[in-house]
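Next come two complexes, and both contain subunit A; in the first it sits with subunit B, in the second with subunit C.
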Partner chain A sequence: MSKREKWVYALGVSGTVLLIVNLYRILLVLGDEMQQGAIYRIIYFHVPAAFIGWTLFLAALVASALYLWKKDLAFDGFAASAIEVGWVFCSINLVTGMIWGRIIWGIWWTWDPRLTSMFICWLLYGGYIVLRSAIDDAGQRATVSAVLAIFAFADVPIVFMAIRWWRTQHPSPVLETGGLAPEMRLPFWLNVFVFLLIGLAITLVRVDQEDTQRELEGLRRRAF
Partner chain B sequence: MRGVWAIARKDFQSELRSKEAINASVSFALVILLIFSFAFEPTADETRAIAGGLLWIAFAFAGALILNRSFARELQNDCLDAVIASPIAGWELFLGKALASFLLLLVVELICFPVFSIFYGVNLTKAFWPLLLVLILGTWALTALGVTFAALTVNIRLRELMLPLLLYPALSPALMASMTLTTSLLTAGVFGANDQPWLRLLVGFDVIFTALALALIEFVLVL
Partner chain C sequence: MDKRNFLYLFYGLTLAWGLLAAYLFILMQRSRKLRAEVDRVKRMVGDNER
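Coming up: the complex of A and B.
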């Protein structure tokens, strides 16, 4: 077992165990929220998914900049993996948000700036994934996608500011204003941690695939 | 800076001689304006309220045709390699190409403006100078991102498809700002109190993405 595989198992297993413990607490121990009822529990998945999505996009930004600096394809592999996994978390955030919106607002979607910006980022990183599939040469693919990752991340501050700049229907951030009840804080942050562990485990699996892919391409070049 | 002018003049002149992209772009913009008239009652008051949006959708779609040509023009006879090998810095090449595309886009937009004004019964003279400011800021946002992405996608398969796919989501904050500002200028004739953040956003967008493009274009060009 390689060192990376050990990490994958360690992160995956500890993430799963913590998730089960936390799920028990969220679903069975904690009571319903006063105004929203049972549906409020989506916050334990909706917000951490966004956090981890952004964390992975940030990691991809750093890896992309490092690639442009060092020209080491390992950085490119990591950036691509982080963006793919981050994009999945971004999708989880959007879907859970839509379910919550259907119950609380009565509509699946509203073109509120915050929702729109998240959707824009989802499209942007989706474009990144499509772009990679359109380029065959590894070096060219790495450079083009690294530059695109930097441009895409420039959208992030705009998304983050959106809730402050524009009138919005989205609930204001409960974390900063201290609106989250004390007994909800621990399970919330624990879920953020769990999502981080699981996100990292999946990213590492994906990095492994990228490495293997690169090795295969190298062997193929040598064979012909 | 001499490199910038050289590239800009070369691009602008060769486009004016062949008129490939500009003809296609103007006709395309007019077709879009025509199709919009099917979707909305063109002279109704509600349409006037979304006029800014319609105009910018037409500009953004028609603009992609011009932006696509910006680097694709150099593909024939391996001109791109020659341009990159010439003693012109990457940022000069980018600025030159951006300037040429910017001017071409402005020409297209200024042709569309009166047509739009006639077809949709919108008075453009009421706030012409503020409108021109929004037009310039919005068009520069479209150009700065568009030329960078055109450079990114010039060597790949599905180039024509990939540019809009990447460009429009990335451009959306600037498009939102341009649309809101244009609409409020067309309806009220002056910038409203709520327009200040949008104007700031548009200027910030221009500055941020021009700086990013200037910093990163060298990597893109020497793949």
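Coming up: the complex of A and C.
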């Protein structure tokens, strides 16, 4: 078993164990929120999914800049992996947010700055994934992808700041203003940690695939 | 309200973990295909060099 595989198992298993413990606490121990009832529990999945998505996009930004500097395809592989996994977490954030909004606002979607900027983020990184599959030459693909990853990241701070800059349908920040009850804080941050462990484990699996893909491209050049 | 509240919470959690599970399934399939392709091309390279 390689060192990377050991890390995948360690992160995956510890993430799953912590998740089970935390799910028990979130679903069976914690009481309902006074105004929202049971549906508020979506916060334990909706917000961590966004945090991990943004963290992976930031990691991809750094890796893409490093690729443009060093021209090492390993950085490109890492950036592609982080973006694909981040995009899945971004999708989870959007879907859970829509379900939460349906109950609290009575609508599935509204074009307010937070939701719209997050949707643009999802589209930009979705475009990155599609673009990569459309370019055959590895060097050209890596350069174009790196530039797009850097360009796309410009939207992430806008998404983060949207609820601070504009009056939005989406609630204002609750974490930094103490809006979350003390007993809800530990399970919330534990779930952020769990999502981080799971996100890292999946990213490592995806990085392994990128390495195998590069090995395959090298073998193909020798074979034909 | 409360019944719908629980139902939508269930939908939310099912979709969140369902999306992640579907992605993991796609990753596993992709890994399997990649490994099979590497083995096939390695055999071809071996044949060519012999």
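Methods note: the second predicted complex is superposed on the first by the 224 of 224 C-alpha atoms of A that agree within 3 Å, B and C clash if a C-alpha of one lies under 4 Å from a C-alpha of the other, contacts with A are read in each partner's own complex, and residues count from 1 in each chain.
Convention: a residue touches a chain if its C-beta (ideal position, glycine included) is under 8 Å from a C-beta of that chain, and two chains touch if they have at least 3 such contacts.
Here the structure is a predicted model, which means the values were calculated and not measured.
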First, second, both or neither for A:V147, with subunit B first and subunit C second: first
Subunit B versus subunit C as contact partner of A:S91, first or second or both or neither: second
Touched partner set for A:L124, first subunit B, second subunit C, both or neither: first
Subunit B versus subunit C as contact partner of A:V29, first or second or both or neither: neither
Which of subunit B and subunit C A:R41 touches, first, second, both or neither: second
Common interface positions of subunit A, toward subunit B and toward subunit C: none
Interfacial residue positions of subunit A with respect to subunit B in the complex: 68, 116-117, 120-121, 123-124, 127, 130-131, 134-135, 139-140, 143-144, 146-148, 150-152, 154-155, 158, 165-166
Residue ranges of subunit A touching subunit C (in the complex, touch as defined): 36-39, 41-42, 45-46, 49, 88, 91-92, 95-96, 99-100, 102-103, 198, 202, 205-206, 208-209, 212-213, 215-216, 219-220, 222-223
Subunit B - residues contacting subunit A, complex: 145, 148, 152-153, 155-158, 162, 165-166, 169-170, 172-173, 197, 201, 205, 208-209, 212, 216, 219-220, 223
For the subunit C and subunit A complex, residues of the former touching the latter: 1-2, 4-6, 8-9, 11-13, 15-16, 19-20, 23-24, 27, 30-31, 34-35, 37-38, 41-42, 44-45, 48
